[in-house]
Amino acid sequence: MNAVIRAVTRSSILNGIRVMGVRRGYNGLISGDIFEMNLRTVSDIIHRGGTILYTARSPEFKTSDGISRAVEVCNDIGIDCVIAIGGDGSFRGARALSEAGIACMCIPGTIDNDIACSDYTVGFDTAINTAMEMIDKVRDTAQSHDRCSVVEVMGRRCGDIALHTGIAVGATAILVPEVKYDLERDVIERIKFTQRIGKKHFIIIVSEGLKNIAKISEGIQKIMGIESRTTILGHVQRGGSPTVRDRVIASEMGCYAVELLLKGIENRVIVVKKSEIVDIDINEALDMKKKFNRELYERALKISI
Amino acid sequence: MNAVIRAVTRSSILNGIRVMGVRRGYNGLISGDIFEMNLRTVSDIIHRGGTILYTARSPEFKTSDGISRAVEVCNDIGIDCVIAIGGDGSFRGARALSEAGIACMCIPGTIDNDIACSDYTVGFDTAINTAMEMIDKVRDTAQSHDRCSVVEVMGRRCGDIALHTGIAVGATAILVPEVKYDLERDVIERIKFTQRIGKKHFIIIVSEGLKNIAKISEGIQKIMGIESRTTILGHVQRGGSPTVRDRVIASEMGCYAVELLLKGIENRVIVVKKSEIVDIDINEALDMKKKFNRELYERALKISI
Amino acid sequence: MNAVIRAVTRSSILNGIRVMGVRRGYNGLISGDIFEMNLRTVSDIIHRGGTILYTARSPEFKTSDGISRAVEVCNDIGIDCVIAIGGDGSFRGARALSEAGIACMCIPGTIDNDIACSDYTVGFDTAINTAMEMIDKVRDTAQSHDRCSVVEVMGRRCGDIALHTGIAVGATAILVPEVKYDLERDVIERIKFTQRIGKKHFIIIVSEGLKNIAKISEGIQKIMGIESRTTILGHVQRGGSPTVRDRVIASEMGCYAVELLLKGIENRVIVVKKSEIVDIDINEALDMKKKFNRELYERALKISI
Amino acid sequence: MNAVIRAVTRSSILNGIRVMGVRRGYNGLISGDIFEMNLRTVSDIIHRGGTILYTARSPEFKTSDGISRAVEVCNDIGIDCVIAIGGDGSFRGARALSEAGIACMCIPGTIDNDIACSDYTVGFDTAINTAMEMIDKVRDTAQSHDRCSVVEVMGRRCGDIALHTGIAVGATAILVPEVKYDLERDVIERIKFTQRIGKKHFIIIVSEGLKNIAKISEGIQKIMGIESRTTILGHVQRGGSPTVRDRVIASEMGCYAVELLLKGIENRVIVVKKSEIVDIDINEALDMKKKFNRELYERALKISI
């Protein structure tokens, strides 16, 4: 987040554009919690987790009254364009704002990688590395105790965190919202198979969206007779100093957004497509459906034995 | 753990003592899951979490039959002395073994720092640093969202993990099993006080032993109207590459145990007392009661405002 | 590295192909330092830095005698195909081997990201994150002391490590082998500009290939009168537990190589092109020239102010 | 550092004492670069490396003119007592100030643990853990290449960083300023011995104070015929988020200093003695001589085989 804010601020000012920081998302746009930013406002923030602008949901912004007030505030202060960083909700807000006459740019920033229009969302790489490091530690205990560890990672609607961390930690099974699972076939059978070839501890990764981690763990313990423990990684995955990849892509997206503005292009979402930064229309972006990387999922199953 | 095993193995062999590794605790002593160790068996393990000897509870060892079998196995293999690493349970096992004629040495190794006889137990420093790093990440989110985070750390009977990590992360309140708490006085009032002087996000650290983290979080949300979230750090705290302090103290304790053996001294617990490695009698050790560092607790409250 | 070895081993065995591990690169192929691998040989290695097969340069393999002996060994043991992980040198060796009748597959594995044919080489993401974490620490001191820190990162012929870590740490200047630099224009002027707008500490990232880090540092100190210190990150960048990205791409490449073999395709380099895993001919691969990401470099300069 | 500043600030204000922050050490005291601190000034700093008050050497403060000006500034602003955090130099400055009529308190803060009067100095635990993590990464490469790594760690006059990290990484030899070394006996012979029992990669830790790391490395390569590489860890060791131990001891020392002031006690150094926080007279403190932990050094040699 901070890397985007920094890149937008600096490349704007360098091109003679003034930048205002809006605190706590659309709430700040309604209440006028807005301040002018300069080159030094964004010093020493690129390595910090969280966001210097704070964040919050804004139910009021979903009403036409909320939108009107925000437009008024923008006009009063002289804000021509709003750059929104976030997920689908933030993009829908931006679209509403653009329909009311304030130009918008959207930058995908969620840890879940759950935005259909972009191959990558800022925050994902940091989240998966944090999750992996924690599961690597859980592994030490699982191994010392010959145990099964069932670990819930974030990802309500999108299994990408589970898939990538699952591959990275060598999970025996990976359960994601995109693929229906059968405990017997997708977990028990896989444990049995690897047990036969000598494996004594097992890690099962489960996406938050599946919600029955305790039942899965009990099922394993009952059917297999192996001690099984659950761990919910939780909010730890949301914080921490960002990885290089997140800092670099965030910086690129921030620069790219300002480059578009300078060309007079508006109401776009900045996305990663096949490892390049490009832009697409907000409406188009919101209509797209996220595809799950089935091929990667199949490969994961092949080598986690 | 591995650092102890390495130090015991190497300083023994260097002094002409043979060393056998027993797998899965007292179970291995009963089943004979024992192998000879050499200088290279313990190569490249000092930086690894977990233990190369595995660990497990042994209900069988609590019966006189179990003890007899273990003694038989020791006599068959020619084991003169058993070095046990663990907590009170492991020490009680060692005492039973010593009463049955097999000399013992005990080394305190628990992440909770819950062993009365020693100021320090191997694993504590690693656990508190892991917990702190995770809570530092939770803090990023708490801060960006102006939230309260209620975080459960390990420590069933001993609040040392909560106390040290609580100070380290600047927790607004720290709840431990040794000090009775009152939600209103010890949490709400403290949040209110710091809120008045400008604080907007709060971290509350709760020891595992208190068990009602969800209720505490709900209480805060209801009374204060601040969004409050719980995080249970769980087993992640048990693993990971050990810190310098753990590796060094573990190495010292392992060496010290062998030095005692060479002097013909047996049935002792190796402990840290006022930052020195010394030894005390097993019976005496098991009779001691852990004292909570009340002074440190008071200081913690003073500066977490 | 270990993730590639694991993926190749497991997906081969799952498809009925036997896998032999060759120790210390082409040296092992000449001396016959080769052992059969099974599913458990590659257990618990995906999170470890380094390689379980060791590595070494092999001058002997560059002679026709060396090649002949390696071919003999392959024929004796029954090795049909060699999978080589490494850089251009390893690929040239593989080509020689394939010309002598032993099929080969190449997988790009260098921390420098210096292989022309692939957008990504296994090890790069881990190296840049390690470098960034170290420079983030250097920054603390630079900031507390109002100093300039000149940091040398790896990359003899390729500036990608410098470019990515430079962006990630917000370096005031980034010097790479691909872009000729002028101390006055590219370093001093940039420091002066940011100094005028309030910056008091500066980080300069220099690729290993440029070799005059001490002179750069002295130049800054003399001309600007700012205390300037050099840090050479060195071999620390080569080790450490791999990131998710490295583990995942390595796993994919390993699987992909075996998938090709099963289709009867040989003598290919497995590469990442526009975020997809594809394959190209070894000769073609060795003829390609690495392009520097000039656009990213320009953006980096824009926001590091 | 920041943890000390935070503890002093908060426990002072809680007791009705006003706190002024002095920037850039004694320079700020001379130039009047001083600002009032409140409870929020020290929010969200406990986990940050470096110091919010900056630091710098002050040659001017070593002159009687400098002292006089500082005393004047203190009197003008109404500063009754100065709390100095640092090493012997800072303490000598504090003594001079106290002799000129401004009360002082000293808190030992150096990464080298080189202050005679205290068993522990704030910053040491963070530095040794940072060094260890880096050397653990160097180890991966040393192992994969069957190499010797000669690593220089900080510690000009004090070998504690070398000793503790040396034990923690299982170094084959540890060279410190306190113990005269002989390359043949203390390095070569030790490598030869462990080589005979199967070791193939070696880590040699050298204190900065010894200054001839390149010669040591060349010596090993020439005599043993093993590839040997040097790494200088450098300033990375000075930064980074502090460990629990540093944050807790720093907090305790800060509180303790204020507790003394409230009792009317002045001109003391706050120290750790046998794991307790106590205080001693500044003059006495400056007269003491640091003792090297020879016993720990001997044990280190015993198990690094």
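Per-chain numbering from 1; labels A, B, C and D assigned in written order.
Criterion: a residue touches a chain if its C-beta (ideal position, glycine included) is under 8 Å from a C-beta of that chain, and two chains touch if they have at least 3 such contacts.
Please read all numbers here as calculations on a predicted model, not as lab measurements.
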item	value
Set of chains adjacent to chain A and to chain C	none
Turn needed to bring chain B onto chain C - CA fit, degrees, nearest 5	180
Centroid-based (C-alpha) most distant chain relative to chain D	A
Chain A and chain D, separation of their C-alpha mean positions in angstrom	39
Computed distance of Cα centres, chain D from chain B, in Å	27
Centre-of-Cα separation between chain B and chain A, whole angstrom	35
Shared-contact residues (touching 2 or more other chains) in chain D	136, 139, 143
Chain-to-chain touches, reported pairwise for every pair that qualifies	A-B, A-C, B-D, C-D
Complex interface listing, chain D residues touching chain C	1, 24, 48-51, 54-56, 130, 134, 136-141, 143-146, 149, 229, 231-240
List of chain C residues in touch with chain A within their complex	6-7, 10-11, 14, 38-40, 43-44, 46-47, 119, 125, 128-129, 132-133, 136, 139, 143, 164-165, 167-170, 194, 197-199, 241, 243-245, 247-248, 251-252, 254-255, 274-276, 296, 299-300, 302-303, 305
